[in-house]
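Written out below as structure tokens is the structure these notes cover.
Every chain is named by a letter (A, B, C, D, E and F) in the order it is written, and numbering of its residues begins at 1.
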Amino acid sequence: MALLHLSTWPEVADYLTESRGLIVPIGSTEQHGPIGLIGTDAICAEVIAKGVGDATGALVAPTINVGMALHHTAFPGTISLRPSTLLLVLRDYLVSLARSGFQRFFFINGHGGNIATVKAAFAETYAALTELQIPGADQVRCELANWFMCPSVTQLARELYGDREGSHATPSEVAVTQFVYPEAIKQGVLSAEVNRDHAIYGAVDFRCRYPDGRMGSDPSLATPEHGQQFYQRAVNDLSQRYRQFLSAE
Amino acid sequence: MALLHLSTWPEVADYLTESRGLIVPIGSTEQHGPIGLIGTDAICAEVIAKGVGDATGALVAPTINVGMALHHTAFPGTISLRPSTLLLVLRDYLVSLARSGFQRFFFINGHGGNIATVKAAFAETYAALTELQIPGADQVRCELANWFMCPSVTQLARELYGDREGSHATPSEVAVTQFVYPEAIKQGVLSAEVNRDHAIYGAVDFRCRYPDGRMGSDPSLATPEHGQQFYQRAVNDLSQRYRQFLSAE
Amino acid sequence: MALLHLSTWPEVADYLTESRGLIVPIGSTEQHGPIGLIGTDAICAEVIAKGVGDATGALVAPTINVGMALHHTAFPGTISLRPSTLLLVLRDYLVSLARSGFQRFFFINGHGGNIATVKAAFAETYAALTELQIPGADQVRCELANWFMCPSVTQLARELYGDREGSHATPSEVAVTQFVYPEAIKQGVLSAEVNRDHAIYGAVDFRCRYPDGRMGSDPSLATPEHGQQFYQRAVNDLSQRYRQFLSAE
Amino acid sequence: MALLHLSTWPEVADYLTESRGLIVPIGSTEQHGPIGLIGTDAICAEVIAKGVGDATGALVAPTINVGMALHHTAFPGTISLRPSTLLLVLRDYLVSLARSGFQRFFFINGHGGNIATVKAAFAETYAALTELQIPGADQVRCELANWFMCPSVTQLARELYGDREGSHATPSEVAVTQFVYPEAIKQGVLSAEVNRDHAIYGAVDFRCRYPDGRMGSDPSLATPEHGQQFYQRAVNDLSQRYRQFLSAE
Amino acid sequence: MALLHLSTWPEVADYLTESRGLIVPIGSTEQHGPIGLIGTDAICAEVIAKGVGDATGALVAPTINVGMALHHTAFPGTISLRPSTLLLVLRDYLVSLARSGFQRFFFINGHGGNIATVKAAFAETYAALTELQIPGADQVRCELANWFMCPSVTQLARELYGDREGSHATPSEVAVTQFVYPEAIKQGVLSAEVNRDHAIYGAVDFRCRYPDGRMGSDPSLATPEHGQQFYQRAVNDLSQRYRQFLSAE
Amino acid sequence: MALLHLSTWPEVADYLTESRGLIVPIGSTEQHGPIGLIGTDAICAEVIAKGVGDATGALVAPTINVGMALHHTAFPGTISLRPSTLLLVLRDYLVSLARSGFQRFFFINGHGGNIATVKAAFAETYAALTELQIPGADQVRCELANWFMCPSVTQLARELYGDREGSHATPSEVAVTQFVYPEAIKQGVLSAEVNRDHAIYGAVDFRCRYPDGRMGSDPSLATPEHGQQFYQRAVNDLSQRYRQFLSAE
């Protein structure tokens, strides 16, 4: 593995003679309930991306640590790009990197709220690269891999937490952050009752609907040991998927 | 049912005293293989939206007939908005209509390629409505309903076509257009071989990968009678879903 | 005639070997007074475009049914794009279609409020096509044809309605919608008094100035038979104009 | 008269206690044929705006000297904003000035190519002012006055030049610049033949169609004395129109 | 010297065979305290640009007389572009002019508030010119020269005014306007006390902080004779700098 | 100190009852010569920001690790936002955070190329916050602190490296990265000759002018010990400056 930000440009030039693949972690900076870290999604995406980089020898880009979290902005500490801004950010990243010669972009994503915008950005960018007549534009491919949707991950979450996994500020993602930052494990008393709804509309509605920020989850179940298991499973699944992505026609 | 474009503004004002719901059909104008109509996605969304309007008494907006189809633009006749443009279009629609007093927007969608951008637009718009301080902004909710993903629809497609349903220019959607426009049923000899891949990247790549525009489908299996069945099932499913949407907390 | 949305891409490819012309109907979705349909401008543009397509053999694109109607947004049911959005929409349409090989775009317009933005979009797009280096970019020409300004149309309106034609929610346009949708003819008592002003500023000012939405018009004079006459005259005039447009140097 | 740029802010504050009107000259920086000045449109708009300011006591803003001239950009020296940019410029001007308390904006325009974009910008801005909740937003009104279309001006041009007036680089506008800058009167032999077409598409097409930049005009007929006459007539017409604009309901 | 707006396009074509340089004055339209002109920054930039043009034979473009002055917009008469708009304006200017063949753009700036946006625009434009594949794109260079920061100017200001020069509505810039427009010298009693702070945040904060618009300055010290000295020094310094800019590798 | 991403939202809510300040590190991902890390600017900004957070008790936001580096994009591995994109990113950050109640934003910057755009973004955002009527909008203040321009830092660089400090890929910044990541110290033979120019234009020109990416620097002089000294000095200077910023009127 190598991290782009710990490499020099001649090292990147060398890498490109052997591979055109790049792993891009993308997360979010948003409330994760009473005991989840605001950086949860970025932390998970980053550590798993590094793991996949180690396993596959792929270069790993710096983490996009702020994403699309407008619905969380009624909780303090959340930072969100608008979808229209995130779309431009991803376009600019991909244009820069495609000029360098990268052609296979594997985004490891830690936040469900990013999915729509990231996919829209891929479509916008394929067309932009062609319009800009960047050499190899027609060869560029992007893939979005959501670590929390890996089959081995969702299976483990089901086994460990059942329906207390929920869909935001989940014990599985909190566990991964505990594995990475054991010094930042938070304590707190969680109300037993939690809204198990899945609906997401505007920010004000969200805070009314989910007053402490959790969506159906019980993050107090998380442990660092669980986190390590989730990490390992996600790295295994996504490493295999990255290799397939690179070798696909 | 009523169609917005066949109503007067006083009729709309009356409607709003009883309902704050609106159905918005959205399709695409893009190649649909050798015998599928370029308007397939818009035609299907529109007819099903009208059916749901009939069944539920909901007002139906004019069809958004051009969507996000950049990957099809290497085939003549395709018209596409860029995701960034479609996002603005949907924002403008929703701002106009929320000013009128509409608060429940039920999009009936005929095109998979629209999904990401439409969802991104919902998020962008919730925040915009709040920023603009439109009365009732925090009450606005949007839902995206893809008719081709209704359980009863996919089940029928599986029964009728098995794996020859494919994922673009499918016999199920072609059947619906044949039901609506029997005078526009096209004949054509289709190659037996067809790429069953699902990958979608840029437009040039798409045409190389799927030379006649089909993705794994055999639209020659379509009949108007099938179309009527798909239509009926989609209308039933989505009418129920619309009612739930209106009555949900 | 053929409609783009009822054609297949191979049919479009064939058409392009014989003609590079396309007719694009553009309307609006906006209040048209107490008895005029919200879809009036789109309905008129669409039916006349189809008539011109029949007369000339030209391909007709799907109708752009929402345009620039910001000044009508204080009346419920109006949907408007901002000029900046409509400009992008038209740019995206023209870029898609110019890539296909179309080079003569004949917009049949049903709404005065679109004129400025459509013309601005033409200028923006000519430059964009050159910047994008689309083959044949320098050959692309767009023309805006407002059916309600055809000499034969305005003459008939004068004869039938005199100064009760007005300038918005006019009997002539209402008549055309009655010809197309006789089942949607609305009844209503109109105040004899109506503001004959022409001024248009913001939406709030507009509704104060024109309380029921009419600008100097008496749409109760409309009949379906009048509508047919207007339709025929517009089709004749615009068919001739389209042919000249195609054959011009 | 007073010029905004030669006033202090307390003087503007005083002016606003008596009038809410402002005159904004807008021109273009574009080729005007072999002997016309590149600044012709800005020079004409500015001098006439100052004349109207003198006659009416209105404050005159700095001249917008670069406008929408994309079709002239194949001739060296032309500077053009894209319509989408000019739209933003006008929005920003009007937002700034409406915050100051100005509510009647009288644009004196010297360039036909600006008309569409300026009108689109008015519509965009009315809505923006309301969205921004600027005090008095609903009272803001903009008017576009094209000096070259004043009845007294076109009549004089017909009398003096007949069909040699043409439609770009006209003797009438060149005459006004000669009146303002007698030291910058250019000599040059003009081809007798000139394309009398009116068509305007892209920049490359424009230069092919109008090789020396003139559209049907013979600017060699211009004299400074004519210029003074045009100036006087335009000032008279537009002063009256400005007063009506201010006093209109 | 020549002014672009007083030239014809063939004259520009001739100029380009000998030089690829252009001087672009840029100012602002903003409050300048109780006795400073709203147009101060544009007036200074323009007159000095013309002086440099005279001294060096360089062509001078029309003055960009409205810049980035958002922080002054709580004072009446100020007009400001947003940075995002000014960035587009400069991009459009440079794209137009680079197409003409200009490659050395020397901006003479009269307003500190423009600096950041102008520099950002240079960066944005270099990339845009390459993306647009404009011939010679990689040869384009822009330089920003702030006349008020010329060493000979700041030295004179120190000698004449000491710490009463301040940083906005300064006696030095007011002096230059008095030299240019002696007929527009304003009188007024200035409070002896003035905030010598340098902080600039939002517009409301600015007016609270600097109630009469001055930042630490005493413009009553200005005289037309001082203005002529500043003018001469700026012209000398910038003429030399322009020549170096043109001849640099 | 606390890091925003390692905090929960209730912790942020608590923090806001005591302080409205936030430290935002911003860097870049760009070539730094033959032995400098691509992440140099982000690494330096981040570590110093954490140090300042420790010293002052301020909360530290996640690092903006990609900035404005268009001029470096001809070297592989560089990622850049366009200025127009970075401007939107910063606006979105600040809008989100101002909604939370933060009002003092202290940006610690590691990259000269960010300065112009960041300052432009501050101006754009102050106006946007007012337009959006965010509570406390008029109290928001942003400050840009470039660690490499701290007096104590530049003095040490001069002492240690003299004119071999240069202006890009400098030994001082490389030293800080060596202090943070001793495991990522790169070796390499540097040409003795290096261009001592300061000019920055487009990306292609940059690579021609500075073939190995250095601007006048000799990063081989860097040591981790130097890095620690630079770190300490920057933290001291900026901690004091942050405290002043918080306490200023």
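Quick note on the criterion: a contact is a pair of C-beta atoms (placed from the backbone, for glycine too) under 8 Å apart; a residue touches a chain by one contact, two chains touch by 3 or more.
Note that the structure is a prediction, hence the values are computed from the model and not measured.
**Q** Considering only chains that satisfy the touch condition with chain B, which of them also satisfy it with chain F?
**A** A chain counts here if it touches both chain B and chain F, which gives A.
**Q** Where the contacts of chain C and chain F overlap, which chains show up?
**A** none
**Q** Write down the chain pair with more C-beta contact pairs when A-F is set against A-B.
**A** A-F
**Q** Could you tell me the distance, in whole angstrom, between the mean C-alpha positions of chain A and chain E?
**A** 46
**Q** Suppose each chain is reduced to the average of its Cα coordinates; what separation in Å results between chain C and chain D?
**A** Spacing between the chain centres: roughly 29 Å.
**Q** Where the CA atoms of chain B average out and where those of chain E average out, how many Å apart are those spots?
**A** That pair's centroid distance is 53 Å.
**Q** Give the residues of chain A touching no fewer than two other chains, as numbers and ranges.
**A** Each of 73, 82, 84, 88, 133 in chain A touches at least two other chains.
**Q** For a quick check of the interface rule, what order do the chains take around the ring, beginning at chain D and passing next to chain E?
**A** Order of chains in the ring, chain D then chain E onward: D, E, F, A, B, C.
**Q** Contact residues on chain E for chain D in the complex?
**A** 3-13, 16, 29, 31-39, 42-43, 61-63, 65-66, 73-82, 84-85, 88-89, 91-93, 96-97, 99-101, 181, 184, 186, 188, 213
**Q** Within their complex, state which residues of chain F touch chain E.
**A** 68, 70-71, 73, 82-84, 87-88, 113, 115-121, 123-124, 126-127, 129-130, 137-142, 199, 201-205, 248
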